[in-house]
Each structure stands twice: as C-alpha cells, then as structure tokens.
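Note that chain A is present in both complexes that follow, paired respectively with chain B and with chain C.
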Partner chain A sequence: MKKNRALIVPFALWAFIFIVVPLLMIVWYGVTVEESIPYTEVVLDDGSTAFELEDGTIATTRPQKRTVVSLANFKRMLEPTYLKLLLRSLKIAVITTLICLLLGYPVALILTGRDFKRPALWLMLLILPMWMNFLLRTYSWMSILENSGVLNSWISALRDRFPAFDAWLTGMGVGKKIIFLYNEKAVILGMVYNYLSFMIMPIYTVIEKIDHSLLEAAADLGASPRKSFLRVTLPYSIPGVLEGITMVFVPAVTTFVISQLMGGGKVPLIGDIIQNQFGKSSDWHFGSTLSLLVMVVVLAFMGGLNRIDKEEEPQKEVRIL
Partner chain B sequence: MKKVILVLAALALLCLAPAALAKETISVYNWGDYIDEDVIGQFEEETGIDVIYETFETNEDMYAKIAMGGSSYDVIFPSDYMIERMVQENLLQKINWENIPNVENIDPRFTHESYDPDFEYSVPYTWGTMGILYNTENVDEMPTSWQTLMDPAYTMDMLMLNSPRDTLAIALVMCGHDLNSVDPADLADAKALLIEQKPMVLAYVVDEVKDKMIGGEASVALVWSGDATYCMSENEALDYVVPEEGSNIFYDSICIPANAKNVSGAEKFIDFLCRADIAAKNYEYVGYAIPNTAAIELLGAEEYNASPVNNPPQEVLDKCQVFKYLGDDTKLYDQIWTEIISEF
Partner chain C sequence: MENAILSIRDVRVVFEDGFTALGGVSIDIGKNEFVTLLGPSGCGKTTLLRCIGGFETPTGGEILYKGQNIIPLPPYKRAINTVFQRYALFPHLNVAQNVAFGPDLRGEDKKKTAQEVSRMLELVGLAGFEKRRIASLSGGQQQRVAIARALINRPDVLLLDEPLGALDLKLRREMQLELKRIQRESGITFVFVTHDQEEALTMSDRIAVMRAGHILQLGTPEDIYNEPQNAFVADFIGDSDILPGVMVRDRLVRFLGCEFPCVDSGFGENADVDIVLRPEDVKLKPIDDPTQGVPEGVVESLLFKGVHYEMKVRAGESVLLVHSTHARPVGTRVKLTVAPEDIQVMHKSDCSPDILKRHADRAK
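== the complex of A and B ==
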C-alpha cells in the first residue's frame, strides 16, 4: 500500500504546481485591483524632481501602483455588456453541442453496427483531420467561405456557365458575392467542425462495449429494432453522450480563436473579451474575474450533468431486467 | 594514433570551454521577424560578443516579462507609449550618447517625441503610421480623408482593426478630437461613430488583414503601415495613404532596461544598429520606415521616398501624434470597445 502511495507523489506535485497554484493566482488576481497612488510632482530646493504623496510625504522615486483587495471587478462583470456576451457564448455553445450530438450519435451508431465493414478505417478517417492543428483547419474554412474564397468562385463560375441559374439567384436577391463568413452561423460551423469528433469518440466507445447478447435477447423476446434501441442501446450509451456533451460544451463556451477567425471579430464571445484583458487591455485583474465567472458557469454545468448521470444509473438496471 | 588525437581533442576542449564560457554576451529582446539575422552574426564577428536573441509578439508580453523581474535583458525594443510607461515605472536607464557615436545618423525629426522629450532613453529603430490600405481596382480616387471609412459605398467592403486603442484613436480623429483623449464625452462621440459604422464593416481583424487585403476580400482597410508595405509587395493593386486629418505615428525604439547586466555591450549593439550599412540591411529585410538618414542615402533616397509608406507629406506627418500611455484609462478604452463590438 505504501509503495502505491509513493507513486502518486509526482502527479500530486505536478497538479499542485501547475493546477492548484495557477488557480489560486487567478482567484487572487480576480479579487484584487491595481490602484495608482495619487501624487504631485514637485521640484526640490536643489532642483531635482520629487513626488509628493497625498499625506504630504516626499518620495524621490515615482510612486508605483499598489494592489488592493476589491470587488470592483465583480461589479463591473455584472454589467449588461458582459452578461450579454456570456449569454451569447452559452447560446452558441448549446447550439454547437446539440448539432454535434445530432450528427455524432448516428455516426457512432452506424460505426458500431454489426454489418458495418472496416469501422476502424472509418474511425481513422474521422480522427485524421484532428491530427492537424485546429488553427490550420479553421484557416482552411476561411479560405473556402471567404467572399473571394473557393465556394464563391465556384458559384460565380456556375453563374457564368448557366445564365438561368444566375437569373434565378439574382431573382432571389443574392448579390454577386455571398457573404458566408463574419456571422454567428459561421462561428457555429467552425465549432461543430472542430469539436464533432469529441462527440463521436466517447459515444462510439460506450456503444461498442454494449454486450451484444443483450440486443439478441431483446430481439428474441420480440422487441422491434426500434424498441431494442430505445430500451437497450440508448440507456447504455447515456454515459458516453454525457461525456461527449462535456467535451464539446466546455471548449465551445470558452473558445476565442474560432469566433475571431470565422466571425471576423463581429461575433465576440466571452473568451475573446478575456483574451483582450490579458493582451491589448493589459488588465489581468478583470481578465481573472471574468475567468472565474466562466469557471463557475462550467462547474455548474458539469454538476448538472453529473446529477443526470447518477439519476440514469438505477433506471438502467430496471430496464435491463 | 586515433587515441592520441582523441585525447588531444579532449584536452583542447577542456582548455577552450572556460574561454568560451567567459565570452562576453548580451541578451537582446526584440519583436519577432524584426531584424535581418545576418546582422546579428556580423555583430558577433566584429565584436566577439555573443548575442542571445529572443523575440516577443506584443509590447504587453514584453512588458510583463520585464516588469515581473526574473529575466534580464540588455537591449529591448519597446514602442512609444510603452517607453513612457517603462520610464514612469523606472524600468529603463538613460543611454550614454558618448558611447553611441552613430546616433548622429538619426533624423532629428524623429526624436524628442512626447514619450522621451529629452531624448534620453530611446533610439528610434523604425517608425510607421496608421492609414488606409485600398484596392485601386475598386476605389477610383485616392482616399484623402478618414471619412472614407464612413462611406456607404464600401458597405460590407471594409476591414477595421480589432484593437481598442487603434480603432478608437481614428474615430476620435474623425470626430475632431485629440487621439489620446480620455475625456468621456469625446470617447462617447467616437463610440457613437463606430456603432454607426458597424453595419458597414465586413470584419474586425488583426493579423488576418494582410491575407484578406491581398486576396481582395475587401476594398478598404484600416492598417498599420508595416502591414501595408507587405500587402503592397504581394498585390500591386493595393495602395496606402495617410489621410489628411492626421493619424497615429508610432516608433519602435531601442532601449536599455534598468537591470541590464552588460551595459557596454548593449551600447555597442545599439551603435552597431545605428550604423548606415546595418540599418539599410535591416530596412531591406524588415520593410518598416527608418529614421536613419545615412542609411536612406545609402539605399537611394529617391527610391526610398517613392513609397507612400516611407514618405507621407510633411504637413500630414505634422498632424500625426504618438500614443500616450493611458495608465488607468486603458480600462475606459477597453470598456467602450467591448460595448461597441458586443452591440448586436
């Protein structure tokens, strides 16, 4: 037993240094603000400049900022601007997760089908793109969807070739170039594309492990394929679905690159605003406060999922019996 | 025989290693892709000083690293407003001009700016402006005013910068205010203008502006002159102009941090960068306008000045201002910018 416990030391150290400490730093930054010390510049008798503080003391070097504990940033965070951005991020993340689920579940189901040949190859093809950096993949979507992109040049080539098609599009009120990018839909597309495999994988893994004799038994006892799916496959796959939802929802709610690239900065999400605080606006304190807000939202979401997971378990037993 | 050679080689290494370790070094912290790397090799060859070279992406990244302490650099390349901030926070040291004779190459038009009024802390390395990059295939006449960015003719055909300070500065100029204004009333005007403009803007971009303008995604864009140079070299239909109302002029300068370890080495490096042939070589690689008169002569003044990026009219340049360090008011800018882009 003792030996086993020693094995955990490296990980515990790692977790402490790279997870716990940074987290505490974010909390500290989140509940503090930087304050300038008010002063006036004065010229001393010997001609040198000095700095007079409010209480009358004279300093020879310029007074620096001080960090004070304050909830000012929490107050700022609750302004409508930021709440609106958070709500939009949640909305887009929920839509993305739903689309991924609707697309991913059938794919996982088909891949695990008995008569489906070479599932490993197909799975590989699904995962292969994920070996490429997601920035590259997003950039290629941009060059497909841009006004001067691949899709638009195909459409205009078709228009030149078939005047009837051109007339029909013009009649529909479609301009010479169709603007696909720079809106919410483009951001959602970018996210679904990037996160879809995170939904498929866990569902696939869970469905694949379902004991096939259960399905055979269901069929023997006269259940239709629909019924055996609803009463065997579906309940058994719930843990995979929940994991898939988490794997998609959490990155979707915090992303900032996809919204900048696909949304052209016109669909800012809460992640973009946080990134600004650590970059251009150089306000680590407010950035940390916003990060805490997002963390609470994500935790609440995971807590909710966990409860569903626990409620599901006993039902599963009953259904199998 | 082999053994003897091996032993000799080992001995030689043992003798040389301490000498190599004792070699003088300086550590340089510059923007990414902002120097011709050959220049570093040439400096090492000529002076025998080893250069440890590191790069950063933004002023704020660089500032964070210097201000947190821990790392020590001998030469850094901050921009104007960041120099002002670092001087205020005692992070830079005064430069001893006696050790930098080549400073006489620097055009006095580009020194004594508000961030370093007594020309004590910084040597300008490159400078640039903000202006309009436009595609001559779709824009018939050269835009002369910032009002071009409010022209409905370019609806969904213009790109703005996704950067609070830069875009708000231009909006302030358009409203006739000072581009460093922190007066809430001025900023409210600028905000109203940008919200009015928003439906016409195709996208708010940062680095993507280059690819998009080169690819013909939009007809006009607000850009920094450095990006304009690059775009114009890739797509001949593009041209650049600094509107007559004036604009922001920026400097990336060379400074010595207060905690530098090898000040004399740093001085040698700065002097080297101010040398005409070296500045010319860097210009050819980096492409930003330079304040080095001797280097411009070496490059051929006529050719150099033919570029609208290098040579905006003096009366426009007179109306250009550097950014001041905003201090606590940075927050105000951020807040207003967030309100603008989250308007939906």
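== the complex of A and C ==
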C-alpha cells in the first residue's frame, strides 16, 4: 500500500481546502468578537484631529474595530431565545424524521415486494420531483396551500356545490378560507415532502439486498409473513433505517428555506437565525457560534445513531473464499 | 403405494414465460425413505422440491401429505423442512440462534430449546459451536448447521436441495455417510436433490431420474444402474457404452456387426434399438480364443484407475469403454464378449440421437 500513498494527496488537499479550512474559520469566528476601541476625538494644537485612546496614546487615524477572543457569543447563545429556537428545530426535525420513517418504510417494503412489478419505474416516479428545483417544489406547495390557493378554491367550490358539506364545515368552526400555511404543520409538511425520498432510498436499498432465500428459510421454519418480517427483514433493514434517519434529520435541523417559505417567518428555526447573522444582522461571529452549537448537536445525534448501528448490525467480516 | 407419507400426483409447473418445468410428475414417497431426485440442471428436480416445500405453486396436480392436499398451504404451515442449496443461514444470528429459530417461533421453552439445540449440534458433529458466528464457519460446518436447524423441528419430511454441492470431494463423501446416518437414526423421510449420480447411488433407497420435467425412471440404485430403462438413464448413471443396434427377433440382437443372444423380447422383428453395455460387463478375450461370431477389436488406450484398468477398445467404427482388472497393452488384438443378461436393449427415445452421437464421437 505504501507506494499508493501519493494518491491520497489530491484528496487530502481537497479535504483540507474545502473541509478543514472552513471549519477552522467557523471555529475562529465562533470564539471571537468584534470589539470597537473606545476613544475620544481631540483637536491637536496644529488644528488637526487626532484620537486619544483610553490608555492616553494618541493616534492620528480613527481606530478600527479589533477582533478579540471572547466567549461572549457562547454566553449569548445560551439565552432562552436561542435555546428555544434550537429546541423547536429539534422538535420539528424529529417529527419530520418520524413521519418520513412511517411513510417511507412501508413504501420501501412495498417496492421490494417480489410480486411488485417494475419497482425501478415506481422508484423513479418517487424521485422524479426531486429533479425539480428545491425552491420551485416548495413554492408549488405554497401555491396549493395559500389562502387563495388551489386547495382552498377547491374546497370553496365544493362548499358552493354541496350546501350540506358547507354546513358541516361551518359547524366544525371552519372559516371560509382555511389557513394552511405559516405554521409548524406547514413547515413539517414541506420538510416531509422534500426529504421523504432520502428516507425511502437507503431503506429500499438494504431491503432489496436481503437474500430472498433467507425469507424462504424463515417461512420454511414456520414464520408467518408477519414474523418473518419482524425476525429477518426488520433486523436487516436497520442500517438503512439509520442511514435514512440521518439523511432526513440532519438537513431538517439546519434548514432555513422551508421554514421561511412555508412558515412565512412565523416559525423561525435555528437555521433562520444563523442565516440572519450572515445576512441582515451581519454578525458572522455569532452566526458561527450558533453553527458550532448545531454542529455539536448533530454530531451527538450521529454518535448516538452509530452506537445503535454497531449493536444492531450483523457484524461484518471479510471472508476470503 | 400403501402408507406413503408424501404422494405427488401429476404435478405440473408451467412458468409465466410458457416454459414447462414439470410436465406431470407422480411419485409416492414412503415413511423413512431416502428418495433422490437425480438429473442434469434444468430437469425440474429443484422445482419439484420447491413445490413440496411450498415455494412454488404447481399449475396442476396434487401433493398429498398424509393424505391431505398441501398445495394451498403456505410454506410456514407445512410440517416439512428444507435444507437450502446455499444453506440460507441467518448471518445476524449465531449458530445456536439459527438452530433455535424454529422452536423460538413456536414459543417453546427457552431452556428446553437450548438443550435441544445442543443435542442437534452434537448429532451433526458440531458440539460446542453454539456461540460461533455463521461467517466464521466453513462450508461444511454451515451445511451441518442448516441440517440441524431443519431437524430440530422434527419434520416428517426433510427436503435437501443439493446440500453438498459446495463441498470438496472428501468432505462430500463424509457428509454423504453422515446424512445417511442421520436419516436412519432420526426416522425422517429425506427427499434429496442432486445432479451427482454417484451421490445418488450411495445414499438413496430409491432414485428418480429426471429429464426435461419428467421422471424417466424410478427405482432402487441397483435397478437404475443394472436395468436402465432408456439410453438417457444409462448414460447419466455410471459409465456406459451406448451403441445403435437392431433387435433381430426376440432374444437376439445385432450390434457391432455381430449377433448376440440376449434376454429381452417384445421389440418386434428388425426393430432399431439402443444397446447399453456397462464397461465392466464387456469381457476381453485373446484373439486366438475359440469363441466364434464375436466382434474383434484393438486396444487403443490403457489407463490405471486404482481398482481396475480402463481401456478403450476400437471395434470397427465404434470405440468401447472397457473396465477390467486384467490389463492388455495398447495395440493388443482382442475378442469382445458380453453375457446375454448384461446386454441392455432399449427403445429409441427422443434423446437417443444425441447420446449415440456423443458416444460415437469417442471413436474420433
């Protein structure tokens, strides 16, 4: 292997430039703050303006802000406002992941069914929307759900057509226009829609790889389809499930686009605040600190998953035949 | 058959693409019998086994288990267990968990099951392997685990789908004896699938030779070997010389340019037939032997095979395989004789041309 070591260099370089350096920058920004230097403007004897610093030194140029190492942003980060945002982000991400799992697992299972014809076509149909631009997809949902959107106009058309339906809805306390958008549910809907295929794909891949003869063996030994699912398919699909969870959970924790569009700014998430720091507020330091916080949370989460993975997954062993 | 445990009646399997895998197969299998389905790949033997196991649904016919048609039953409701071709052990479970899979499913007492697992592992020669992982076992050991996993359920019938296919020759021989022992001791009916004729002859009580979705011959190993019913069976089982011949009249047949008395009759006069000779039944005599009216030949090759010599003897257009404990040097001129009861006369069948051609090609 030694002589191939040179082959690592391009990747190492790439990883250094695109992974290590940005990470270090985030850490650096995270642990520093911009500090303005206090000074008083004085007029010198010759009539020119100078700046006297606190320690009495006189500078002829206006003192610039200086960057100092400080944990002030960490302190700020722990303020309830931000922790609440983080908790909400986690809550929404967990709910999204669970819904994706509950919807995605059965889909993957059905697609891998032996009697299911042309699974590849169906899989492609599921993934096809993902070829569209992410924003476009989310905007489509908005135009469906907004107050004068497709869904509302259908419902009002139905109400006009069937007075009984109208009466029933009114009886339920539903107004003329139903507000679907700009709440947590809308954000979750947007996330589930956008991330569902990330759950289906890895689960589909592992289930599809299960040796069919194992299922036959289970049936042979007396396992009903339900039991053979619980004892064979399910344990084998755990790695795919864990991967799917990661693929959904991580982007769901950090997203800001979906919450801004579907939540209309009413459901800010930690991602929104971070984006804000780099945008409107232009406080890269605090933005970096918050990013570090999210990174730690995600890392802790992945570490936890990894442990489950190690316990659940059949131990791998390289066999030389 | 009286008290057959398994009765297969006119079972047909036609696949969706129109291929007929089984074209109406019938066989009765008795209690504690060792029946082998023998044939080349694609003959339908595995399909038949899968029908019995419930993994394939026949398009026609009946499979009676203790008198009840089990075709509508899914595999998990059949009291029949299978040892799969590539064992299909569960890699996420260890040896003991694999073997205990069946009892655990039935919710049997854990302690009792553990004892039973140990007993089964002892039976297949794997005592003390309980905690081993499947991936750490050799092919032969995996195969034994597969057998233990099936046997622990005390099935009345055990189906084995070429279970020895992946093993090397020595291990294969050992496992053949082992399987036979297990079958005798457990009292279980074995239905065994293989394409290895030697394996079939060593282990079976009865053999069903299959070809193209049909059973060509069903009988004891001795029957199949000594009295093959057609050229295909003769060709498939053991070494043989297969020649074109003419049945002159009852009990008289002509091949290799000479007439031979034989024990067969009922073919009519001057009927084209296939002649099958076993290499050990062809006797070589010195050229100056007084026997008259027998073919003469020249020894073309001589091989030492341990218990016997294998010679190729050219007689006219044909080359015969001859086994003898008495070596004759290459080039020796000999006379060939065959006892009347050793001449197998067979009706022509659809596979005769192929087989005759292959045997004739030996002469080139």
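Here is the rule we use: the second predicted complex is superposed on the first by the 311 of 321 C-alpha atoms of A that agree within 3 Å, B and C clash if a C-alpha of one lies under 4 Å from a C-alpha of the other, contacts with A are read in each partner's own complex, and residues count from 1 in each chain.
Keep this in mind: contacts are C-beta pairs under 8 Å (C-beta built on N, C-alpha and C of every residue); 3 or more make two chains touch, one makes a residue touch a chain.
None of the values given here were measured: they were computed from a predicted structure.
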{"item": "Chain C versus chain B on the shared chain A, clash or fit after superposition", "value": "fit"}
{"item": "Partner chain in contact with A:Asn4 - chain B first, chain C second, else both or neither", "value": "neither"}
{"item": "Which superposed partner A:Lys227 touches (first chain B, second chain C, both, neither)", "value": "second"}
{"item": "Partner chain in contact with A:Tyr236 - chain B first, chain C second, else both or neither", "value": "second"}
{"item": "Contacts of A:Ala217 with chain B and chain C, given as first, second, both or neither", "value": "second"}
{"item": "Chain B versus chain C as contact partner of A:Ser48, first or second or both or neither", "value": "neither"}
{"item": "Partner chain in contact with A:Gly279 - chain B first, chain C second, else both or neither", "value": "first"}
{"item": "Contacts of A:Thr40 with chain B and chain C, given as first, second, both or neither", "value": "neither"}
{"item": "First, second, both or neither for A:Asn133, with chain B first and chain C second", "value": "neither"}
{"item": "First (chain B), second (chain C), both or neither touched by A:Thr60", "value": "neither"}
{"item": "In the superposition, chain B vs chain C on chain A residues touched", "value": "B"}
{"item": "Distance of closest approach, chain C and chain B, by C-alpha atoms in Å", "value": "47"}
{"item": "Chain A positions touched by chain B in one structure and by chain C in the second", "value": "none"}
{"item": "Residue ranges of chain A touching chain C (in the complex, touch as defined)", "value": "211, 213-214, 216-224, 227-228, 231-232, 235-236, 314-315, 317, 319"}
{"item": "Complex contacts: residues of chain C adjacent to chain A", "value": "53-55, 74-76, 80-82, 84-86, 88-92, 101-102, 105-106, 133, 135-136, 149-150, 153"}
{"item": "Of all residues in chain B, those that touch chain A in their complex", "value": "58, 60, 63, 88-90, 156, 162-165, 198, 201-206, 208, 212, 215-218, 327-328, 330-331, 333-335, 337-339, 341-342, 344"}
{"item": "Partner chain B, residues of chain A touching it in the complex", "value": "36, 61-62, 64, 76, 81-82, 84-85, 88, 142, 146-148, 179, 181-182, 260-261, 263-268, 273, 276-277, 279-283, 286"}
